[in-house]
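Below are two complexes that have chain A in common, paired first with chain B and then with chain C.
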Partner chain A sequence: MFSIEIFTKSGFKDSRGGHVLADIVSLGFNCINKVGYCNLYLIDGKLLLNEAKLIASCLLSDKITESYNIAKCDGKDSNCSFNNNVVASKTMIEVLYKKGVTDTVSSSVIKAVKDLGINKDIKVKTGHRYYLSGKFSKTVLDNIACKLLANTLIQEYKIKSVK
Partner chain B sequence: MKFVTNCNIVEILNLSDKQLLDLSKRKVLSLSLTEMKTVQEYFKKLKRNPTDVEMETIAQTWSEHCKHKTLTGIIEYIQIKNGKKTKKTYNNLLKETIFKATVELNKKWCLSVFKDNAGIIDFDLKNGVAFKVETHNHPSALEPYGGSATGIGGVVRDILGVGLGAKPLANTDVFCFGDPTTKPSKVPKGVHHPKRIIKGVVSGVRDYGNRMGIPTVNGSVYFDHDYMANPLVFCGTMGVIPKNKIEKKVSPGDLILVVGGRTGRDGIHGATFSSVQLDQSSDVSAVQIGNPIVEKKVLDAMLSARDLNLYRAVTDCGAGGLSSAIGELGEKIGAVVCLDKVPLKYDGLYPWEIWISEAQERMVFAVEPKNKKKIIEIFKKENVEAVFIGQFTKDKKLVLKYDKNTVANIDMPFLHDGIPKPTRKAECKIKEEKLQKTVKLTSSELLMVLKKSLADLNVCSKEWIIRQYDHEVLGQTIIKPLQGNNIEISGPGDGAVIFPYAVIKGTKKGIVLSNGLNPSYGKINTYKMAASAIEEALRNAVCVGGNIEKLAILDNFCWGNPNKPEILGSLVCSANACYEMSKAFSVPFISGKDSLHNEYSIGDKKFSISPVLLISAVGVIEDVANTITMPFKNSGNKVYILGVTRNELGGSVISKIKNIKDAIVPNVYPKESVPIMKGIYKAIGKGLIESCHDASEGGLAVAVSEMSFSSGYGVNINIDHIKTADTMSAAEILFSESNGRFIVEVEPKNESRFKEIFKGLSVSEVGCVSDNKFVIFESQKEKVKFKEKLINLLNAWKHTINW
Partner chain C sequence: MKKVKVLILRTAGTNCDFETQNAFELCGASVERLHINFLVNNKNKILDYDILAFPGGFSYGDDIASGKILANEIKNKFGSQVEKFALSGRPIIGICNGFQVLVKMGLLPESELFEQVSTLSYNDSNKFECRWVYLKTEQKSNCIWTKNLASVISLPVAHGEGKFIPKDKELLSKLNKDNQVVFRYSTKDGKEPEYPLCPNGSAENIAGICNKKGNIFGLMPHPERYIFPLQHPCRESSGSEYGWGKIIFQNAVNAVK
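Presenting the complex of A and B:
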């Protein structure tokens, strides 16, 4: 399984990250000083690395303003190690849909991958990653995740350390 | 009947009353004891127990959402006014108030009212305009993004499912939210912070509307603590439909075609869930996720199939899913459906889940067998899944099959007409309203109130929301939501006008959309709230060039728990206002919707929302060239006020700012307003009015300031010249929210012709548009004068919601 992160290139404004930071501050947490945002796609199937790169560059990212990271995962967990060029951070909150919740972006990706000429059966899960820098406790992170980043009715979140 | 393993028999024949109620609650059927006993009696006659599919079908068909059983049930109403009691029994509140007004008005240009998925009025010789507004409150409270997106998706499908399908041209959205400045620690457990709900809801509407390629052109937002746990989300869609496509006809033998999205476990019990109060343990499966791309493909494909006459009826799968859609289409004849043929997102669904799932983006068609191949080809071309799942019959039975076994067999007449009419008690005490102590303010206090009013959440600029929406796509929006000199300087438009030239070639006509909403009045008097909402919607339409003689309105009631007599009583009171105002303004209702049970419990505490009646107006304008916007147009022009200002500060913005208790809520005087509204239409048509804006929240001071700062022109207003019904102080004149008032700008050369039109009506010249960049209000009588730079007023208005 490949995990693909799409992030804003340096020199361009990461507006989603900026908005999340503003929301965190308005929640009353002043301990975070930067938030970097990535779209996350977990693609399961017999893809080759080149094919995953093609998908990331031609389908999932905007070539001018965005770039991508690709990592191979074991399938159980999407905890992949990236050369973290999103934001200098040691902590990341990952948000994914719970099982059974309709993921419409995923079905569009599956169709678009076929349109790209990659005729393989794949499964796709979409999600979000928020890289946080600052000084904070796990309770604060749980609070931010529950009150802002994930609706725990339909999404689940994991707090991860960035290697 | 033979049964398969994944269809269960529900034992009800031998259950006691208590056991019946337990069963209703355990299975989330939301059926009352009388209803459960009616079901029990029916199956006793059949000498068998029902299957789970049958129980779920009955529960869905009889749900509040689908049958509106409160408003169509028996209501024993008592009204108490000045200690005097009057009693009245309604056998069907909707038929005896709102619908009655439409029947009595009998407008020939109303083409389809209260019978289809949307109301339709006449546009031109060949086309009609369809309009529908829906609510999606409970789903939006749980999952703001998904809830509001599926709200807009659902109402777009209502427009696709009216007649043989209308083409959607514009969306509207109206919200009621909690106060976004609430401290996070004050938000109850299990409830999202209002700001999170607002951001989610706005992005949901934005993404769905923008991706469907339909502009969102008109709306309103109201903030109050009452809506923190139970936000209200109203979504509307307007479309055009050829007149020869308005009638549906389903005949026995027609095939049932399901088109669009696949069926999953999404939104199971959505219909019955809307009859249940929200609590912290609300079910995950009640959440629906929308997919606008699929709906857009369905839209394109079905309209080409419609124009080739390939189907005879269509309806959307909304609340209650296939059960509701097929049940409605086959109500008078009967239907057989093979549930195993329905395309699924994943395996493992029980037959009853397939039948009542509220998975999105699905439409159901009745297709003549001869068109079977052709219609499938059309959907295939657009990459839309379309599968035949059954056939309409003539035996008046609903038969559901799964793997060739019958899993349900119910008589259609029992299913649709067997529901016992509930009887509810309603009581409305009309509060006596007293005039407040005279509000006298100094010049600087008046300016402070003006600035605070402009910055008030319910008055301030909603640009942050509006600019996220595409209100330009399709290129037909000629009167837009924000109006002014440039993108940085703008004011709030009253209504929107769509010029459908790309769909109806060669037309000059336009379609006006507007809305009226005054929940703050409803806290004191729901009759006046309803009457004011109707007038506000009409005023807004008239301001941009709408013709009151060609306007129709839609109602959306959002109320608390109707089992409480005082809550139902306040609803009856406002329904009466709807009847009386509809008649007095001669403006018919063409469609509507109610969402009751807007009550939320946290622990032992119950929060009930303040009642809300949203009135949405739609009308046809003969010539789109005769439309105007609200900013002032030129210095030297005269400013007139049409209508009378009364001492009505009840529920007003100033009453909140200055903490004024005991004030009178604005009343409606149709006999004064109608001639003024007709006059404005005439004057705009003759080019005699340069700009027009109505006075609503914040009163005249706010309305005049908005016209001024959005144009860049200053204005001098003489408060003493404003016509009042009573003796009033400057503060009361400037901030009273009396209905029926318009501020208009007239060029000096047109003054005499303008005055001629309004002869005998309440019209007063109050000031002049100027070149200087100041708004000036002055009263020599009271010796007050205040002056403020336009930019400061604009900034006060602009920066409250700027996330």
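Presenting the complex of A and C:
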């Protein structure tokens, strides 16, 4: 399984990250300094690394404003790639759909990968990563994740330490 | 007189194809709306038409990024036919989602290069922006679609990813120097706007561009939604019995006749 993170290149505005930070502040948490946002794609299948790179560069990221990180995972957890370029951060909140919930973007990605000429059976999960910098407790992070970043009826979140 | 043939390419999520068809038909053209799957199996069919239109909508649900999946699909499956059509000088228009497709496919702004050199990214507000805006028409532009327009016109926008970003400052200077900037967001009197009059934070308030030759035109606002004065919130017209959008479609039809 490959984990592909798509993030905004430096010099371009990370609108989503900026607005999430504003929403966190409006919830009453002033302990977060910065939020960096990444789209996350977990692609399972017999892909080669160069195929994963092609998918990341030609499909999942915008050539002008975005860049990507690719890491190979063990298939159980996406806890394999941490991008220190996004924000100088030691904490990240990852949001993914719960098992059984339809991931509509995943079907589009599978179709688009075939359009690229990669005719392999793949499974795709999509999600979001929020890199946070500041001084905060786990309780604060749980609050932010539950109230703002994840719809816990259909999504699950994990708080992870950035390596 | 020759009947101008227009092809409107549609796919899953396209939702402005009927309005675009109505606009072209009102201008005297004969229009066909074809699904991309038909064109994939009939690649050369596209060359039977005089004008090609990429309408607005939410192709493939705007998944990954607006217009990205459709742009890749067209380029990979019948890109050479689209390129041939473009380089023949026949008019092409991309409206909103269609503009995103043209830019991400690389037909705009440098159609000869056919590589993506600019993008339409998330609005600065990070929200879907839907309202009427004022557009300053660049009078020096050689775009065949925008002749006979007033210096400031009004059209509606409706998009979440409309912030035009060129790859570097050199490209932006080149677009200005070659008169490829067609529309800029403005105030009612043509001055530099602030949000919300500029809905997305585009570089130099760019709302629409064309290629160097002037036959390929992409814009975020929706001209097909301002054909009749009745569609305008104040019932304004362009000075005739129609809205400004009608003139844009009529220009292309007249250019082909």
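Operating definition for what follows: the second predicted complex is superposed on the first by the 160 of 163 C-alpha atoms of A that agree within 3 Å, B and C clash if a C-alpha of one lies under 4 Å from a C-alpha of the other, contacts with A are read in each partner's own complex, and residues count from 1 in each chain.
We adopt the following convention: contacts are C-beta pairs under 8 Å (C-beta built on N, C-alpha and C of every residue); 3 or more make two chains touch, one makes a residue touch a chain.
Owing to the predicted nature of the structure, the values given are computational and were not obtained by experimental measurement.
Residue contacts after overlaying the shared chain place A:Gly100 against chain B, while chain C stays out of touching range. Residue contacts after overlaying the shared chain place A:Ala88 against neither chain B nor chain C. Of the two partner chains placed by superposition, A:Leu49 touches none, neither chain B nor chain C. Look at A:Cys31: by the touch rule set out above, it reaches neither chain B nor chain C. Touch criterion met: A:Asn151 reaches chain B, while chain C stays clear of it. In the superposition on chain A, contact is made by A:Ser108 with both chain B and chain C.
In the superposition on chain A, the residues of chain A contacted by chain B and by chain C overlap at 19, 104, 108.
Chain A makes touch with chain B in their complex at residues 19, 22-23, 26-28, 98, 100-104, 107-108, 147-148, 151, 153-154. If you check the complex, the residues on chain B that touch chain A are 142-146, 183-185, 192-193, 195-196, 199-200, 264-266, 282, 284, 287-291, 293-294, 345-346, 359, 803. Listed in rising order, the residues of chain A touching chain C in the complex are 12-13, 15-16, 18-19, 58-60, 62-65, 104-105, 108-109, 111-112, 115-117. In the complex of the two chains, the chain C residues touching chain A come out as 60-61, 63-65, 68-69, 72-73, 76-77, 104, 116-119, 121-126, 165-167, 201.
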